[in-house]
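The structure appears right after this line, and notes come after that.
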Amino acid sequence: MPSPAASPDSLPSAGTLAARYRAVRQRSLALAAPLSAEDAMLQSMDDASPAKWHLAHTTWFFERFVLGAQAAYRPVNEAWDYLFNSYYQSVGPMHARSRRGLLSQPGLAQVIDYRAQVDARMQRGFEHGGFDADPALKPRIELGLHHEQQHQELLLTDIKHAFWCNPLKPAYRDDLRPSPGQATALEWIGCDEAIVEIGAPAWPGAGDAFAFDNESPRHRVLLPAHALASRPVSNAEYRAFIDDGGYRAPGLWLSDGWARIQQDGWTRPMYWDDDLTREFTLGGMRAIDPQAPVCHLSYFEAEAFARWAGARLPTEAEWEHAAAQVPVTGNFVEDDMLHPTSPCTTAPCRSDVAQGDFCGGASRDRTTESDIGEPATHVAPTPEPAATPPAHPHQMFGDVWEWTSSAYSAYPGFREMPGALGEYNGKFMCGQQVLRGGSCVSPRDHLRASYRNFFHAPDCWQFTGLRLARDA
Amino acid sequence: MPSPAASPDSLPSAGTLAARYRAVRQRSLALAAPLSAEDAMLQSMDDASPAKWHLAHTTWFFERFVLGAQAAYRPVNEAWDYLFNSYYQSVGPMHARSRRGLLSQPGLAQVIDYRAQVDARMQRGFEHGGFDADPALKPRIELGLHHEQQHQELLLTDIKHAFWCNPLKPAYRDDLRPSPGQATALEWIGCDEAIVEIGAPAWPGAGDAFAFDNESPRHRVLLPAHALASRPVSNAEYRAFIDDGGYRAPGLWLSDGWARIQQDGWTRPMYWDDDLTREFTLGGMRAIDPQAPVCHLSYFEAEAFARWAGARLPTEAEWEHAAAQVPVTGNFVEDDMLHPTSPCTTAPCRSDVAQGDFCGGASRDRTTESDIGEPATHVAPTPEPAATPPAHPHQMFGDVWEWTSSAYSAYPGFREMPGALGEYNGKFMCGQQVLRGGSCVSPRDHLRASYRNFFHAPDCWQFTGLRLARDA
Amino acid sequence: MPSPAASPDSLPSAGTLAARYRAVRQRSLALAAPLSAEDAMLQSMDDASPAKWHLAHTTWFFERFVLGAQAAYRPVNEAWDYLFNSYYQSVGPMHARSRRGLLSQPGLAQVIDYRAQVDARMQRGFEHGGFDADPALKPRIELGLHHEQQHQELLLTDIKHAFWCNPLKPAYRDDLRPSPGQATALEWIGCDEAIVEIGAPAWPGAGDAFAFDNESPRHRVLLPAHALASRPVSNAEYRAFIDDGGYRAPGLWLSDGWARIQQDGWTRPMYWDDDLTREFTLGGMRAIDPQAPVCHLSYFEAEAFARWAGARLPTEAEWEHAAAQVPVTGNFVEDDMLHPTSPCTTAPCRSDVAQGDFCGGASRDRTTESDIGEPATHVAPTPEPAATPPAHPHQMFGDVWEWTSSAYSAYPGFREMPGALGEYNGKFMCGQQVLRGGSCVSPRDHLRASYRNFFHAPDCWQFTGLRLARDA
Amino acid sequence: MPSPAASPDSLPSAGTLAARYRAVRQRSLALAAPLSAEDAMLQSMDDASPAKWHLAHTTWFFERFVLGAQAAYRPVNEAWDYLFNSYYQSVGPMHARSRRGLLSQPGLAQVIDYRAQVDARMQRGFEHGGFDADPALKPRIELGLHHEQQHQELLLTDIKHAFWCNPLKPAYRDDLRPSPGQATALEWIGCDEAIVEIGAPAWPGAGDAFAFDNESPRHRVLLPAHALASRPVSNAEYRAFIDDGGYRAPGLWLSDGWARIQQDGWTRPMYWDDDLTREFTLGGMRAIDPQAPVCHLSYFEAEAFARWAGARLPTEAEWEHAAAQVPVTGNFVEDDMLHPTSPCTTAPCRSDVAQGDFCGGASRDRTTESDIGEPATHVAPTPEPAATPPAHPHQMFGDVWEWTSSAYSAYPGFREMPGALGEYNGKFMCGQQVLRGGSCVSPRDHLRASYRNFFHAPDCWQFTGLRLARDA
């Protein structure tokens, strides 16, 4: 099993860190480049933020927690501390989240200038050893970069939702093109009961790679015998669920899920057109690719689909254990598709899977989907069952975040980071579900097997899909 | 009594109309000029609209109801019909009012270009007699210009609210300067019971000046004997109400008003700072001028103040009858103050009042405020009572819209305009109160004595104040 | 014109007052008698109150404002002051209106005992001259009796709504029987422009009959020329409105009304079954009598119907002037139908109308409905037009409260009653519409031509209907 | 380790079952006996139900799922199927939960008669072998009895909340008396890492004791090394949290918890008086016993307290493993206190703990609370530390339900019961937290170590407290 400590993400030297700083910061600007100042101000719901705010808040993070750690530091603009704090109660009050879209001023140009000023100050710090005296600073810079990468993804998901709210259905970019792939059989990859390790060592620590505090400590868990699907659920399979009356059958839904779809009249994934053949993407309205992973599902929808399919969602431990066996490859933001794709589109089929041992022993249950047990066997037959079932699952990383059945909570021995940054993750450990694997709008070097994302059960504006699991 | 038919507002010739069209349309652009594209997109509450939307909707009005009257007309952009319709159900469905702020596209530049294209088409119509064949068209153009003037005022009140929601409290314009005036005694101008005429002849009609349908027909009403205050209530007087515990005394308030101030924690006018010495204006935060009319009051606050002062609000008939005796002079948008001012600031004191008969007979009750009867006499004494009480009230027009005690409803014999434009006014005749006189952000030539504005009792983002009245 | 001062309702002597006290108090108990203790606790919406609460609050009114006026008075239970105060802020805080249904204790039996104790104390006062010393007390008793009569009506309307909320649709009484009548032509009764007097002299005053403060002062108004329908709109006529698509035509509705019926899915009067043939009554589900006045309409529905019919609602002055010409006869709570009935059911046809002069002059416009002017003439033809149009309208009192186009506001010269009882009416003068005439659940001796009832535009759980009017 | 299969709760014979049926059914009536018909109708919030409804719904459960399994069955009243179904979508539509308080009819007497009729029919079934043919029936009866026991507890918690909403703060029973005990030191009982079994075998099955489906299957979990507090947190300790500013320190709270206490103004447990010395109980207002377990905490409050105390909540597996070592003794509904009590009140101190091995090995961490680690050590010192730390925790059962850090979700291998009863538990597995151990209003024979209760994080109307845990 690969050691997490061997990851290239280990705490970098200042030189490396400076280079990474520039690269990450530059990408945020690049992602915002297709947006007008007006586009960058859109806030379409309380949960989403304007692109401009993402640009400013990520900058504030460095200014407040890195530059501001020096007592003599004078902020670029003191009044902005209130505007661009997100939820750090311990550093002071903040502008209401739901009203971020009301900040026409400072304008986008001012925010970009703010970024430049902070970047220049950071650059001086890198060049003159300004971050050497306090050992807390470099880890905070590293954290700030991962923080900014999270907001890069949010910038894209938030603007997608905002554009979808415009009756003109404008595209974020006109040059994006779909890359339809081919169907792949859904297969089951078994795993015997085993004690495995998941999670990451607490960071920062000697020699350890970056991980958020919520991923630590690395710890032992007992996995039950189970099987995991070889790939995410596809649009075609989800369409079969709809066609079979899935949205009209209360018995398939969690109680809260049924209440929600009744109340809000859900009959399909949020971005699907009502003819079920087209969907809204960052490239505008587009035909739905039947083979691509279904996307923008709420937990309620993912859970109902799994029940309909006679299966269940994986736990996060089951997911992580499988993911730790495969390299972090897939369809990421760098691939510039900005939409989930069929398997085999971005890489030679199966080449992303290191051959060999899975699950610490012989997979005892390599079967095609036609084996899905009674009572419900709904996943549509695939054209040509693979002759040789895969040893490892595909598309674990990228494409779509995969809902797990695990509620977001603390690992045994979890400790929040000290100080204000302890508010980063821990205080959200209630009422949310864990998602794993990253999406087509996640930066590749931001992800890892132990990464825990979390959203509320009704949320569907992230690139969220599912992979089936079942008891062995 | 001056005949309304003699007004210079009579239906103009095409030449005049074209000139007026250009002037009104140009002013909208001038009012939006201080705004960035981001500012122009702000929608701070459901009741308010983005400046950009005002610019677009007023243009759509001409395109839809004037240019579009020709069967062969091809719109500048068909998709915008849905976006820029406000509430005309009979011409089709529309974008939800509360979501106008989510339209980053079309951008401000596109909207300005849309204006230019429609203006050019209108210009061709003026030049080539395109509006001569259908007798309905010129009246619709005239209506469209008054419609646009209404939106000019809304553009200013809406952006004021939006900027106030920004913790930075940005100014709409940095070059606005207060013009403090001097105190003027509040005096009472009496009026005996009389049958008077109010309202305006139905327009369009032979020789008649423009008026909205809700001002017609001109009709007889019986005024009871009463007295009207010589000027609006001042900031100093309203401050005395606050200092006397006005916001804590349930007995002063309408039941709905008390519920509202309890629920939302109102303790002062919306734009006042909590130290009661500064207020938010279109020029930013500024010291409150004690002598200027108090502004941005809800009906609830105006009504409570009047009760505290031992007085009442005037009815709209009382107000109109008095206003018809004085010229339409005052502090308007053209004065470029964009804030209410003390009396005597914009014009030689009293010179705005034609000397002579008021109310069709001798004013029997010319008294200074110190005569305000029992039980409550709260309006603060003024420095030097005027030696000669005025025959006519001051500041009837401009400065602040004055809440009346009259609910907005149909005059006897009222007929809505035919067709879609019948939705302009009539369908709002429920649950709102009439305001009279215009404000410091109203265009001068948009106002007249018979003009009826209307808002809901809790509304306070318009420039709204009050003038006291009392039973004789 | 009959003088209001001649009314039999003049301030009674203590003997008369004591008798009236016993009668009114007894009727409240009789109205509650069909209810179980559980029924009497129902509160089906914030606007409605439990029957038990009505019984207790009306008792509290006498205890607080009459018995409690003596300094030495010891209440039956001090803790109940908080529970049974409705909205009198000046006598102290109160239990939240929306939570009256949560008071299982004191139980119904305790409340009935409370009534008995207060009645006994009142009786001693009547017998021993206890109300003679303070001249304010007898008027307060008189007011308290009218107050209790208002709550008698509310008790019935509130329990009707509560039972309707029970899927079993229980009847308040099983012994109620419909009394179908016969069709009567709708005719128009004209009235020339005239100055008339409406309202009632301020009460209490020398020799004056009881009236609420909101009915005073009696004052002069200028009525425009107009015509009033001879009877309320019938169920058959309202059914024609529904069948003609009335609920689907936005052009017929006030803006707020259209929003409301869209939001809540209204397609018919609240208590009508969806097959449009049966309705819920205090006697349970029952076939709709086509000839009976339509009932339980909101103002929105009444106003939309009038527009559809090419007519309008009357103003309250128009209504009152006509009503003052006819005796207070009709279908009241004493008739024990508890539902509106066809004309001619309870009294010999037309006998309720004094022959002679209407409107202070010759009625210039006595026409049958077939004269209803353009553009819309929707009121269904009646079987046999009356040979001689009536001089006075029918069914002005009883059956259904008639919505007027008048917003509820102060008459010129209005003064609230002094002290806490000033909160009775005046503080509600905003955002409501006036209704006139009483209903089939109003006590007969509680009504008069000047009586002003008021509810919000969406309210429809009272027995509310309409009578058409039109400009002459 | 005791085998769950040895429990006396194993599937009973018909004779035993009939006796148990009578006993359980009788207790429901006994619990409702102190209530008037009005009390029994109270519904103080959407989450709570009227006592009458509990009595009816539990009866409906037997009628629908046991008696109704016979095709020829004729219900006592067909219309009640709609009224008394709770949430079983698969058997048909149901009355809205939030409107159960509007059912004055059928009245309490009718519901009690309904119970008698169903009981008589059940009795005939027991006597005549009516439940022998279908093997599903006896398990359903057994389930129905446990279902009814759940509603017995809800009946008490719901009526407590309802009475608390009455400003008179009536007692459910006047004869309840507090039994103050003495302080007990909080000690820590350690447990090494171990693989343990939790859960219960799927029921019904050969020889197995009753358990709900959500407790199964019995399965292996890996417990991390940890320590569990010897007793629940006391009122005195919680008071120290309040006095230390716990409700004003955002850093102690989950994000949703902080938002909630800000929004609703929470400053203390729901039933505590604002002087922090008295609390509302089923016996009315009463002095708070400092040594008794703190009660009626939301998950938010429990979690914040634990953080303040430098500890955490236990997982449900940690809790269950410890609980499985001790007998099901404690303060239950049969003890007739109906309120949590100090330790040592109901039983000889420590006698409830079987001496011997805990946690499958030597407890390595038997310490008193003074050992609570850095950084926060807030649990107040106790008068006299125990000389010998306990081998097992006290008060695991009864007194208060103990919040765990575990979100309510499916065990590995979970299968819902087939048919409509599959809706019993599984569809609520989202967004709730697990509680363990039962309370002072739980029936003793309804509880077991594997029992999983679940509520939402803000809920505090159940008898909910907490026990601290910490990482070893």
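When the chains are written out, they are named A, B, C and D in that same order, and each has its own residue count from 1.
We adopt the following convention: a residue touches a chain if its C-beta (ideal position, glycine included) is under 8 Å from a C-beta of that chain, and two chains touch if they have at least 3 such contacts.
Please read all numbers here as calculations on a predicted model, not as lab measurements.
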Checklist entry - Which whole number of Å gives the spacing of the CA centres of subunit C and subunit D? => result 51
Checklist entry - If you average the CA atoms of subunit B and of subunit D, how far apart do the two points sit, in angstrom? => result 62
Checklist entry - Can you list the residues of subunit D that touch 2 or more other chains? => result none
Checklist entry - Think of each chain as a node with edges to the chains it touches; is that a line, ring, star, complete or other? => result ring
Checklist entry - Looking at the whole structure, which two-chain pairs count as touching? => result A-B, A-D, B-C, C-D
Item to check | subunit B-facing residues of subunit C, complex | outcome: 87, 89-90, 193, 195, 219-222, 224, 226, 250-251, 253-258, 299-300, 303, 312, 315, 405-407, 409-410, 412-413, 422-423, 427-431, 433, 457, 471
Next on the checklist: For a test of understanding, state which residues of subunit C touch subunit D in their complex under the given definition.
Outcome noted: 36-42, 44, 79, 82-83, 95, 99, 101-108, 162, 165-168, 170
